[in-house]
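Both of the next two complexes hold chain A, though its partner changes from chain B to chain C.
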Partner chain A sequence: MPAPAIDLKASSMRPFLTLQFLGGTPASRIVVGLAIAVALTCYVMTIAWTLAMSFTSSTFLPDWDFVGIERYVDLFGSSRWSVAFANMFLFGIPFIFLALALGTFLAILIDQKVQGEAVFRTIVLYPLALSFIVVGLIWQWVLEPNFGLQTAVRAMGWETFRFDWMARSDRVIYTLVLAAVWHSSGIVMAIMLAGLRGVDGEIWKAARIDGIPTWRIYVSIILPMLRPMAMTCVTLLAISVVKSYELVVAMTDGGPGNSSDLPSRFVMQALLERANIGTGSAAAIIMMLSVLVILLPYFVIELRSRRR
Partner chain B sequence: MTTQPNLAMRNWNQRVGRTALYLVLILACVAYLVPLVVMVMTSLKTAGEVQPGTIFMWPENPSFDAWIKAWSQACIGLDCRGIRVGFWNSVMIWVPSLILSILAGAILGFALSRWQTRHAGLILGLVLFGAFIPLQVVIYPLIKMAANLGLYNSFAGIVVVHIIFGLPVLTLIFSNFYVGIPVELINAARVDGAGFFRIFFGILLPMSRNILIVALVLQGTGIWNDYIVGVSFGTPDIYPMTVKLQTLVGSQFGEKEYNVNMAATLLTSLPPLLLYLVSGRYFVRGITSGAVKG
Partner chain C sequence: MRTTATTALCATLALLTGAPAMAQEVDVIHWLVSPGEVRAMSVLSDAFNAAGGVYVDAAVAGGGAAARQMVMNRIAASDTPGAWYGQPGVPMTAFAERDILAPLDQAAAEQNWDEVMYDTFVTYGKYDGHYYAIPLGIHAQNWMWSSRAVLDAAGVEVPATWAEFLEIAPKIEEAGFIPLALGGQSWQENLVFKSALLEVGGADFYRAVYVNRDAEAAGSDTMAQAFALFRSLKPHTNQGVGRSWNDTLSLVQTGKAAFQIMGDWAKGEFIASGQEPGVDYECTLAPGTAGLYNVAIDVLLPGNTGDDETLAAQNLLASSITTPETQLAFSQNKGSIPVRKDVDVSSLDACAQLAVETLAQEGSEIPVDDLVLTPEYRGQIIDLLSEFWNGESMSPEEAAERFGAIIADIED
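Entry: the complex of A and B
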């Protein structure tokens, strides 16, 4: 007797197999199904793999020998990671603060109905079109103590001028701040300028009639209204800090020594050069967690506004 | 009577204020431009002219020798064919990545916004999650997957990675754009018997000019400027221009040829800079589109 053929129509698996739970039409179902498959494989499974590896003793090759949180203990016990992890804050906090302050300041200036606004905007924004590799190489050249700024200023007569932060392991991280602010303050300017343009003209009229000085109107009324834009900027910049890799590779390559190392570079080296997959994965997971922590306030606000 | 001097006073104050405003703005612009100017000046100098402390000086006899050397003669590793090798590699990566990633983002954006796809919000959330993943977290398993599929060290592999990680932002900006298209338009076409792809290519794509330019500029600069994908999924034969540049500058022994390095750096920045200057407002919309809804 032939085995009974599986009746697909009657099978309870059918809606799943034909992706009918997605609605739409067969063509759109294939598109959406493919996207889900890509997202699950390349975003979710890959993270799960790295998470699993961070709990193993893997070194040169992936190895499913689970050792609990040993890798994380190793990681935070190592001085190299401590430097890289601390640098994320030493670099990130002044960078975010300065980029936000400078970008907002420039947005306010440009918002004063200036002539040639397009020129000013174009100049402030052009560094954003450059690769971080390029940004790093430019600033390495300008700040190199012997060739660059320091010697140039001395040659102009100020012979005691000192700016050798590129060569000083306790200051080098702030040269990255300088380069990153130069690159990214434009995006703050653009977002804040859009915010300023969106402010109701009536508010300005009312404040003017009351005779409040312009700077007070900005500080007490306008800027507090732009808080959501500022928060967007901070989130955007903070995520770029965690991801920041090319800049440090091109500008200092982590040096002198490893004093300007960042988690992103630490992970790349551990995984691909120092054959330490367990520790590298643990460090990568810390990077992922950092991003999630940055996004947390966003989710909280989103949830709250939905509940209302 | 007393209002006369007051008015004059106010006028004068205003004029001082405006002058100060322009002065500060111009100063800021100079500060933003200095690094670029230093680079251009250095690249036009001869090797002998690149001396300590001369970064702010004009080249005595401006020449494009360093540019020519950077483009076609500079040694990157053992390969002395200059940065142009990287340029053509970047073109090979750039063109298919750009076309395919934008197409993928647009089609998915349509499916998740103006089509009766169920759970669209949830699926969009899943795809958007990709935008927040630092590549370091997924790079090792992805390299392994690429190797298993025979995609490691191939242009195709790098293109696929660009498509996968361009998808989140592109899907977001296209679905935000398509939400604004009247649903009647699509329903009418469906009544006429047009399917998903007919409607996408026949109705939506021709209406997408502006958002296509935004996507083109966003991805165009992003993919050209990529370093980490190129360096991780390729070997020197297929390295894009940014990786070649970093290798050129980082691997010189002895006397560094700063003029050649700066010329190579400028050559690498020219395509995205031109794209930026040509596109103007679209660039700003592109870089803020992920951040500002709509």
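Entry: the complex of A and C
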């Protein structure tokens, strides 16, 4: 049986080579293609360098002395890294869920055509204008048991009031969730509100004629229509989880002990304070892999649904 | 006309080609930017300029990490700085091994460093027989700062040991004060731990663990006892999260807490608030560390730029900084004490007098952990202390075992 000739036109690689999967006109493909090329050069090269470093014994300066996976063995043998890595999920999952729920709820409230809507919108969006450093400091002052809320409430007469999560190593990570939700639910609200305002008025009229209660219209009709907005929010929030560094540094500096450490802080400390480029790079690679594991299914689903 | 044009051209070229042509110039990267520190650094620049050098200040706002990163970037770009603020011992050796530092033989001979400097600098300022660090002043990490008002109100005195502290702590609590203020940052916990270790094991045990890296000592029963003592202090501290050392010190300054363990840089805060030793506060060596000085040395590390003029300038800088006069003036402003044994310190405050008296005793100098361990291993130890201190689940024996494992790991 003769082997079938390779037909480039029918090859599954062809849409990738001509950037057709991007859609649009040839001109737009060139523009987007250039952007991709720049991103690939910058990101892929730095990632490759970090990957190479993670296999070396580099301490405070880069050394090209390869030691295999020794740095990864060190990393996973370190109890501090396990705490930091687990914290990424303990912090990230409640944060994304709560920010999404709260932001959507606020968007629905504001969507009720309340008076002074602009005022409420500004109040909710305002935290977003603050940097995470400021947010971290504010919440540190509020939650610090000796100076903040706990002392204030006790001074008002409620002597047994206790809210010292920030000083408890098993709870401190949730105080970060609190601060991050306060900061980020505004952006969720803004995106969801834009989505709500884009819903066709006819749908509301039709649903009202059928006598469906308002909450039911939201739950069963409107919110499912907002899925693309919700996905955008989840992506934005997920990225902010992985990159969160300033918040933890400003608010708890990883403490008490290292119980609120996050991978990004671990990497920065390894690189800048511990003079350990090897282990820091290994940790950075693991961080990147975990982001890929989370985001890849999302991209695959998106690509598939677009092809359909 | 022609000469003028040539001169102008030369001047332009000199400007374009930049600094290396300038004689006796050293740029100094540091992050000492608090008011007292700025005054101290200007003592150095005045001394160097008076000796004929040109001091170029390159203070980096944003702290040690930012400044260190700047130094690394410049080294990586083959634009090694003239000098930067750092530490002798292991951190210095890491640079010296790679030929990144310039030797200071000339300054060391001029000021007779081998004879006049404290042993810790003579030992840890050298690599392979040459000095590679310009000493600025000596600090120690085993100081205890006490609030006179709280001591009087609770009717107690400054404890000489942690055992005594544990006896008086309930009294202080009954009087409504915090016995021991602690900031909840792991490096602050490390200072308390080291003094507990010194009380249990003494200076020889400390040297065995940190200096000689004896893994057996590090995992021994003595270490477990040190951890047990460390934990017994915890109920008498207050909960503080990521609080900086100076915010923590303010608890002592404002009469809310009785004691804090902190290096003698804390003195600057008392000076800034106008408080006097013996009147408003007491400075004593930390419990369990009488007669011992846990020495840290501020140094400038001279970068090896490869040209002789810079080397000469660096030696001039080193020489002008280590004269008795500059040493005294620097210490007055920084709150440290001179690195020279032959400086008349009678003009310094009571705390500095105690420091010099202590250092005069034979065998009182013990190097801080930064000088003898790489940042990575020191960091692992601090992580361990912090995990032990902040969780209840690890037993002192397990902690000692893990301490021993970290020390054992260093050898290979």
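In this text, the second predicted complex is superposed on the first by the 259 of 308 C-alpha atoms of A that agree within 3 Å, B and C clash if a C-alpha of one lies under 4 Å from a C-alpha of the other, contacts with A are read in each partner's own complex, and residues count from 1 in each chain.
As a convention for this text, a residue touches a chain if its C-beta (ideal position, glycine included) is under 8 Å from a C-beta of that chain, and two chains touch if they have at least 3 such contacts.
Everything numeric in this text was worked out from a predicted model, so none of it was measured.
Of the two partner chains placed by superposition, only chain C is touched by A:L61; chain B is not. When both complexes are overlaid on chain A, the residue A:N146 reaches chain B and chain C alike. Of the two partner chains, neither chain B nor chain C is touched by A:S220. Of the two partner chains, chain C is the only one that A:S79 touches; chain B does not reach it.
Using the contact criterion defined above for the overlaid structures, shared-chain residue A:S169 touches chain C, although it does not reach chain B. Counting the residues of chain A touched by each of chain B and chain C gives the higher count for B. When the two complexes are overlaid on their common chain A, residue A:W49 makes contact with chain B while staying clear of chain C. Using the contact criterion defined above for the overlaid structures, shared-chain residue A:G255 touches chain C, although it does not reach chain B. In the superposition on chain A, A:L272 contacts both chain B and chain C.
According to the touch criterion, the shared surface of chain A, contacted by chain B in one complex and chain C in the other, consists of residues 62, 146, 253, 272.
For chain B in complex with chain A, the residues that touch the partner chain are 21-22, 24-25, 28-29, 32-36, 38-39, 42, 50, 52-56, 107-108, 111-112, 115-119, 123, 126-127, 129-130, 132-142, 144-145, 164, 167, 171, 195-197, 221, 224-228, 232, 242, 245-246, 249-250, 258, 261-262, 265, 268-269, 272-273, 275-277, 280, 283-284, 287-288, 290-292.
Partner chain A is touched in their complex by these residues of chain C: 65, 68-69, 72, 75-76, 91, 94, 98, 184-186, 189, 238-243, 374-376, 379-380, 383, 386-387, 389-391. Of all the residues in chain A, the ones that touch chain C in their complex are 59-62, 78-80, 140, 143-146, 164, 166-167, 169, 172, 251-259, 269, 272-276, 279. In the complex of the two chains, the chain A residues touching chain B come out as 21-25, 27-28, 31-32, 35-36, 38-47, 49-50, 53, 62, 106, 109-110, 112, 114, 118-134, 137-139, 141-142, 146-149, 151-152, 154-155, 182, 187, 190-191, 194, 229, 232-233, 235-236, 239, 242-243, 245-246, 249-250, 253, 263-264, 267-268, 271-272, 277, 280-281, 284-285, 287-288, 291-292, 295.
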